[in-house]
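Letters A, B and C name the chains as they come in the text, with residue numbers starting at 1 for each one.
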Amino acid sequence: MDTLLQHLLNGIILGGTYALLGIGLTLIFGIMNVVNFAHGEFYTLGAFAAYFFLALLGVNFYVGVAAAIVAGVLIGALCERFVLRPLQGENIDTVMLVMIGVWIFMQNTELLIWGGIPQSIPHPFSPRPLIVGPLHVNSIRIFVFVVAFCLIGASHLAIQRTKLGKAMRATFQDREAAALMGVNIHRIHTVTFAFGSGLAAAAGALLGPIFLVYPSMGDLAALKAFSVVIMGGLGNFMGATFGGLMLGVAESLGAGYISSGYKDGIGFIMIIFVLLFRPAGLFGRAQRIG
Amino acid sequence: MLAAALVGVPVWLTNQYLVHLLILAGLFTILAVSLNLLLGYTGQLSLGHAAFFGIGAYTSALLDVHLGLSFWVGLPAAAVAAGLSGLLIGRLAFKLRGAYFVLVTISFAEVVRLVSLNWMELTQGPLGLPGIRPPSIRLGTMASIPFHGKGAYYWLVLALAALSYGIASRVVRSRIGRAFVALRENEALAESVGVDAFRTLVLATVLAAAMAGAAGSCYAHYVSFVGPEVFLFSYTITMVIMVIAGGKGTLLGPVAGAVIFTAVPEVLREAQQFQMTVYGAILILLVIFMPRGIVPYLKERRAGAP
Amino acid sequence: MTGSTLEVSALDVRFGGVQALAGVSFGVPEGAVVSLIGPNGAGKTTAFNAITGYLAPTAGTVTFAGEPIAGLRPHQVARRGLVRTFQKTSLFAQVTVGENVLMGLHLRGASRLGAILLDLRRVRAEEARLREAAEEVMAFVGIAHRREELAASLPYGEQRLLELAIALAARPRMLLLDEPASGMNPAEKESTMRLIGRIRDQGITVFLVEHDMRLVMGISDRVLVLNHGQLIAQGSPAEVRRDPAVIQAYLGGEGAGAPA
């Protein structure tokens, strides 16, 4: 029973970061109708940016993590402006291919810059776990958990309460109507992509100090993000949140009770199963974001 | 003229390294031609193609290493095994379209890779399967000569590449090929005149998979080793670039693409680490500026010239 | 009597919380030209979609030539001899006109992969037959001179003719035409009317959706009127024109062209 609770706890913490990845991707798909195959690379970017600020520049930990997130936002905005915008209106296959190109380009550029050897990121948290009853948890994981959920909450509020968020929701529901109402679709696209990429970078910056950082770390992250989005329904914010948690828990339980070698495969298997049996996602039709 | 030169290569080309490159180009030609059936003709962004290649390679390798069955058994077996996996994934994936379909194909390849990496009893995991024997030709009942040197491999690959081109050519010019294109251009319209989208797409996948599997078998016996790297997504991407850069939906396009993009990494040999970065940039630029590929672009230039 | 008769009985189609069709029943007799009219949003294209398998009916039956077809997939419906065209211009855009028609001839060929790979004589003979058939269809419709041009490059009127050619190539016993004359000038509409007449003379039953009342009244043996998903009138053109419910539907709603 204790082991089960421990696995659940680990799963929820991991799931929070998966939710960040999933929310970013689902927003990009829902609002821009873009299948962002480069999403994992923004995760990697966040981790390497954190590495750069923290390990190479020695900046304060919290500032470094925040800076990494900002890096994700900025590069996401650039990517949208210079790669996606010229292709607006092209069919979805063309855009998918271009994003695959971006994926390859970003990952291999990172390989060139940082080399292939996994790096570790220093952090100020004690390596000794906190013990609460039967559960062990490292303080850094508590930090990750707290930040991830704060970001999810803040995103939810931003989408529900701000003017920009309302514009995003309008664009999601009906792009032409939103444009007619005066919404600047170009700007919404840039904001959405930057926002989604920022969340992915946040996940990378948070998980980077826990795991190691290497250029291909984004591949698995990307496919897990897709798995979360599919489970939650395309464009479904809450679905992505719950989907992320579910995936985290499923992986944790899988690694604990079945085998840790195949645990990364759980996301793929879930993709295949959900697409076959409930293509609209486990949580019903995606009617709105937020 | 060109055909004679091609056939005579092992005779007049003494640089063994270049022959090796031509063999690789030949294998990639088979892969690109087969992927083109899906990507170019039916218009399906099937991104798990390395899986079919790898399944063919492993099938042939396992038959040789565990059962001592020669390449001549391994080759058809590989095509059949890959074709069956194409049937399986096709029947699963074609209930969906668009991004969902792409994701299922990518997931499929990844799952297969993870299995080959982890199922130690069957595949020896990351250690792979070494010591695959080269094909040999039987003479009478007693002697058999194993392939020795690159010449024999070259002819084998050349024959298979020509065969796969021939298959693609016949299919594309036929009623089935028209059904492929109809589905690409307008699936609802195609269905309204009696094209069974599901069955046709699965057929395309099985055919493409079988061809890729055959290439895999050749690869396994040529390189004499097979490991989980054959399933890497980067191989699929290389094939995709070959098809798109060459000209998807044309017959010569994938051939041109395969030859060019087998040569390019060699030209960039010095800067090998830049290879994939350059590939990524090429893909982006191609999609934006030359979306129809090199062969159609050249054809247009030639047609337009006074 | 069942040759190519379409029978629709108590057809219900519901999606997204909207009852698009409710209890619709009618018959289209063999060899006739029947028109389906009604204001925008009445459910006409929905009816076509439900009959030809693009939508699954929620309830009711659809029978063609005595066999039930409700719930079949579109290609299966086409195989039974029911072919439809689409409201929005639907072509195989990046392919030549000739190839477009050849694609329409899919059901008239039977070559399988094995025979094709072996390039058997019968495959080549079939290809020759299909090419001849394509020429006949293109000539019948009047676009043979365009055979080498890309479908996307044709002027609008000829694109619509090409759509008809593709549908005719599939050798239908019954043709469902969704607004075949929309966007056409009067001259083009005249020639479309005559073409529909020639199609009917070939023995093909024609069931069409149209907004142009002159065309509808001029060519139909029978007219069905749909409003808000329900059949509100059916009969000869003259009867329907006088029907008070029909007049009300057009004057009260946003129909295009009240019956003159």
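Methods note: contacts are C-beta pairs under 8 Å (C-beta built on N, C-alpha and C of every residue); 3 or more make two chains touch, one makes a residue touch a chain.
In this text, all values refer to a predicted model and were calculated from it rather than measured experimentally.
Asks: Going by CA means, which chain is nearest the middle of everything shown?
Replies: Central by C-alpha mean position: chain B.
Asks: Taking each chain's centre as the mean of its CA atoms, which one is most distant from chain A?
Replies: Measuring from the centre of chain A, the most distant chain centre belongs to C.
Asks: In whole angstrom, what separates the CA-based centres of chain B and chain C?
Replies: 42
Asks: Go ahead and note the Å separation of the Cα centroids belonging to chain A and chain B.
Replies: Going by mean C-alpha positions, chain A sits 33 Å from chain B.
Asks: Between chain A and chain C, what distance separates the C-alpha centroids? Give it in angstrom.
Replies: One centre to the other, that is 48 Å.
Asks: Touching residues of chain B toward chain A in the complex: what are they?
Replies: Residues 43, 45, 47, 92, 95-96, 98-100, 102-104, 106-108, 110-111, 114, 117-118, 233-234, 237, 240, 244, 273-277, 279-284, 287-288, 291.
Asks: Enumerate the contact residues on chain C facing chain B in the complex.
Replies: Per the stated touch rule, the residues are 52-54, 73-76, 78-79, 83-86, 90-95, 99, 102-104, 106-107, 109, 111, 113, 116-117, 119, 123, 126-127, 130, 166-167, 169-170.
Asks: For the complex, which residues does chain A have touching chain B?
Replies: Contact set of chain A toward chain B: 29, 35, 83, 86-87, 92-94, 96-98, 100-109, 111-112, 219, 223, 226, 230, 259, 261-262, 264-265, 268-269, 271-272, 275-276, 279.
Asks: Quick one: in the complex, what on chain B touches chain C?
Replies: Per the stated touch rule, the residues are 167, 170-171, 174-176, 178-179, 181-182, 185-186, 188-197, 203, 207.
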